[in-house]
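For clarity, chains are labelled A, B, C and D in written order, and residue numbers in each chain start from 1.
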Amino acid sequence: MLPPTMVEESVRIISNERATDLYFRLVVQSPRIAPLVQPGQFAHLRILPLREALLRRPFSIFRVEGYTFSILYKAVGKGTELLSRMRPDDELNAIGPLGHGFTVPPAGGEMPLLVAGGYGMAAMYLLAQRSPQRGIVFVGGRRRVDILCEDEFRALGWDVRATTEDGSHGEKGLVTQPLIAELKRGTAGRKLFACGPTPMLKAVSRIAEEFNVPAELSMDEHMCCGVGVCLTCVIPISTGDGWEYQRTCTEGPVFDSRLIAWEATA
Amino acid sequence: MLPPTMVEESVRIISNERATDLYFRLVVQSPRIAPLVQPGQFAHLRILPLREALLRRPFSIFRVEGYTFSILYKAVGKGTELLSRMRPDDELNAIGPLGHGFTVPPAGGEMPLLVAGGYGMAAMYLLAQRSPQRGIVFVGGRRRVDILCEDEFRALGWDVRATTEDGSHGEKGLVTQPLIAELKRGTAGRKLFACGPTPMLKAVSRIAEEFNVPAELSMDEHMCCGVGVCLTCVIPISTGDGWEYQRTCTEGPVFDSRLIAWEATA
Amino acid sequence: MKSEARNPKPEVANATREVNLSVQIGGMRMQNPVTVASGTFGYGVEYAQLLDLNQLGAVVVKGIRLGPVRGNPTPRTVEVASGLINAIGLQGPGVDGFIKKYWPFLKELKVPTIINIWGTTVEEYAEVARRFDELGGVGALELNVSCPNIKEGGAQFGTDCKLLSQVVSACRKATRLPLITKMSPNVVSIAPYAKAAEEGGSDALAVTNSYPAMAIDIETRRPRLANITGGLTGPCIKPIAIKLVWEAAKAVKIPIIGMGGIQNSADAIEFMMAGATAVAVGTANFYEPQTALQVLAGLRDFLQRQGLTDVRQLVGSVRVEKV
Amino acid sequence: MKSEARNPKPEVANATREVNLSVQIGGMRMQNPVTVASGTFGYGVEYAQLLDLNQLGAVVVKGIRLGPVRGNPTPRTVEVASGLINAIGLQGPGVDGFIKKYWPFLKELKVPTIINIWGTTVEEYAEVARRFDELGGVGALELNVSCPNIKEGGAQFGTDCKLLSQVVSACRKATRLPLITKMSPNVVSIAPYAKAAEEGGSDALAVTNSYPAMAIDIETRRPRLANITGGLTGPCIKPIAIKLVWEAAKAVKIPIIGMGGIQNSADAIEFMMAGATAVAVGTANFYEPQTALQVLAGLRDFLQRQGLTDVRQLVGSVRVEKV
């Protein structure tokens, strides 16, 4: 048998602290999952005190250090709010690492341009860390508090360009503006990697097409099982003569932007 | 309007500590309920972390001190187990005091004989405390750990007779044995008050009839609303020419033993 | 939203705007659309110490037939995941007992009382309706044709279109009070039943009653209810109830009182968007007697937040064009 | 209990006693009664890394019709109180796609594969059955006549006794594989449908599929599912499913596979006591993929604790004499 690519394990919380505003960083002890993680993969967490809400919640794996991994999450609803009240030594159940992540740019390959909105920044850190080539990260959010791990990208030696919609931090506007400006300076040997809200991904997809640069997008679809059995998380993927639904939890979450049949999305 | 006899209030946990084995004592700050409590009444608690289990849980009010009341509970299922893990300053929601309690023996009235099994002892303490007459408390349980507040009854100046089924504490046998022995010594001016498992109550009822002494029984029926609207908690009560179902949460939990139509119970 | 805010007119309107909460169920006006479900609120008086009944849209009492009813043996309820199964067996004082014991209190309320009635024959339903018509001062009658816990009566009327229309017509002849037919959820499709009730002369529908259900204690191997089976209610049935309201609302023109698992104002609004003109809080009363008033407060907030002036703007407002 | 322990014989027996867990569904032997529900376990392979499929009683795959099916737009599922509503729309690879992509893996398993099939006409059902009969090595076929999420097909066959018996008979003629009919819960009484399936030649019943349900996002006023309505599953439907199993078991002699909200061995035992010979874990797989194996372990413990030697002693063992 092949070595496992995913496992289920009970993970212990090491720390769970507020980063900014509604964002928290959770670090868990996870000897079996952590070593397997590839950039762009996610963990499917069972928040045990959630009782009448049954499902696991998916979170991109943000960092991996030894036998721990961390996530960066925003408290938006019942699960994430309960999670934010959990304490060190509390247990969660995790299945991971899941999904098909980013293609790490090979040494001497394309120069990576990362585009991230909101918690999409979390999915990007590991890519930036494991890429032999440094590049540019475009991070964007509504307000200053939505810009998450800027310093961490800088510490890796990346060029960080921040934008906020209200101008409270970095350039005022959308994250795609400095991206377009950068691509106008040149596209050769560059590749886009994006993670964030669907409208942002759609915009990045259009920009990639316009500038004729390759792009990998981490798609944000609602999930249920996270492992490919329920067919909840599908998006339309071109098949040449049409399109079919593929699973973001299994075939994705990362897809080549040219394959996404945007015209068939809602 | 009449002053309220019951109120709903959010109560703060002051302490919640293990007494013996699976029994715990919970003290809550309850400025509105505590002052209203009569012996034999109960509080209907909403254990907030119970999510998919919706209902409140009823508990006899054990002690009242100032603006606090306490209960003595056994961790037997999901609600009581979760409750046992709650901490000081956590909140519960309480409706109380509920039900129709014991008739406190008037000064110069009957001499009270209290019969209590398991957590039934909790319901008795307030009666012993508020009774102008001291009497005898018969406390019984399976094992030593099921004998709960013996010292507290003694501290009130009551004569305590303990029995355990396994003989690990007090006399070996059922709580009704020393009761019968005592009644054989004399019945005049004596009155029984009992709270405990239904088979014990049934036995006490038979003994009361046999010795022709009055008895008040606090009946243990499953409850749902606790305030008389759902009709879950009924027991058959004689009406002269037959019987009808009455609510233990409202007409009871305390009933005159002669009124209970035991033949109609399951 | 932002551009609207720049327009001075709506802002002024906002400040002085009165939100209309009142709704009409047949000839009965409710000051707001929030009421309670029969059998979960006793006869009103039991909750009078815990909440101000006069703030409700109406009070609904436990099912009443002509004579007194003893009800089923215990256990009568059992808690299940996000719900409750009950088999009370419609214990009640009968018409005379009710009038004597509870009506003096209820008739003094400022809000209407809806009386839930049932019988074992078409004639009994009609007779009970006639008696309450005579009584005077009743807000409306709710015909319970859907209690799953009584062998002779209740459910069979609710799962047979012909019987259903007979019961409704007979009651229609017996009273001029507004009639609300309480529908059974236990049908392949609710539409024909909803139409049968409407054609029989019902002024409104109550959707839905409880679902036939069962639980077993695996240690004793006995059913958890003495009656073996019972009716499932509470948050667990909400998604089924929403669908039934939506389908019933498409089938008929008369208003619908939606119920089934309402715990908060969001639930109530969901029912209204699905097509309910009013809503009733049931099982939630048992664990949180303030629920109906909390629903009302939340509903008012929601309307204000959305800039709506009339609660009726919510009714049936779900947007269902397929994308 | 104590007096028994003093008797040396049971103690010796206890030590060596083997508990029989195997059950028979038509001609198919299951090494234990615990399987999974169609559509909640993919095609088995997806879970192969997380649990040992060969420990299950059988593997049940997602519904398959003759040709490939794209399925419904998203959102396709929504979480509700103690449950889930889904409207996947039976996305699948069709018979050929399944045989090419998944059968090579499944046929190597030591436990039988049950294939859930459907069609939009009686002929299509029969043709799919015939194709799987030809394939060889299939454990059983489960006829899905109860999917609430497909307009043309599924549910209408499960809520019309005549159509149901036609579908079952047609499949019966097309294959000698054991046939399991997957019943719709959405009927006034399940008994006539259960009998129709039995008379049509079904070897077993699967009880139950999901309940028609709906949820609305009150902020957007849109249904939470692109398909507007979907099927409710999970712990919230367990009490309804238990009642259906109990009623179906009284109506027919063929075995029943019970399902609906099973989360642990106590739930599974409850289904067996109500009348199920085998059980299937559905929605729980999504949040705890180990559930089926945990159920199996708990079932074994329960039998041992109760001194039972054969799991079949549980089947239909609920004590329902009214007291």
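Assume a residue touches a chain if its C-beta (ideal position, glycine included) is under 8 Å from a C-beta of that chain, and two chains touch if they have at least 3 such contacts.
Given the structure is predicted, the values throughout are model-derived calculations rather than measurements.
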Pair joined by more contacting C-beta pairs (A-D or B-D): A-D
Cα-centroid distance, chain C relative to chain D, in whole angstrom: 35
Mean-CA-position distance for chain D and chain B (Å): 46
Touching two or more other chains - residue numbers and ranges from chain B: 52, 266
Contacts with 2+ other chains: residues of chain C: 73, 81-83, 226, 235, 323
Graph class of chain-chain contacts, one of line, ring, star, complete, other: complete
Partner chain D, residues of chain C touching it in the complex: 73, 80-83, 85, 159, 186-188, 211-216, 218, 220-223, 226, 228-229, 232, 235-240, 242-243, 246, 261, 266, 269-270, 273-274, 302, 317-320, 322-323
Residues on chain C engaged by chain B in the complex (per definition of touch): 39-42, 46-47, 49-50, 62, 70-71, 73-77, 79, 81-84, 86, 88, 91, 226, 234-235, 283-290
Touching residues on chain A, where the partner in the complex is chain B: 49-52
Contacting residues of chain B [partner chain C, same complex]: 4-8, 46, 52-56, 93, 95, 221-222, 224-225, 227-235, 244-245, 250, 266
Residue ranges of chain B in contact with chain D within the complex: 52, 266
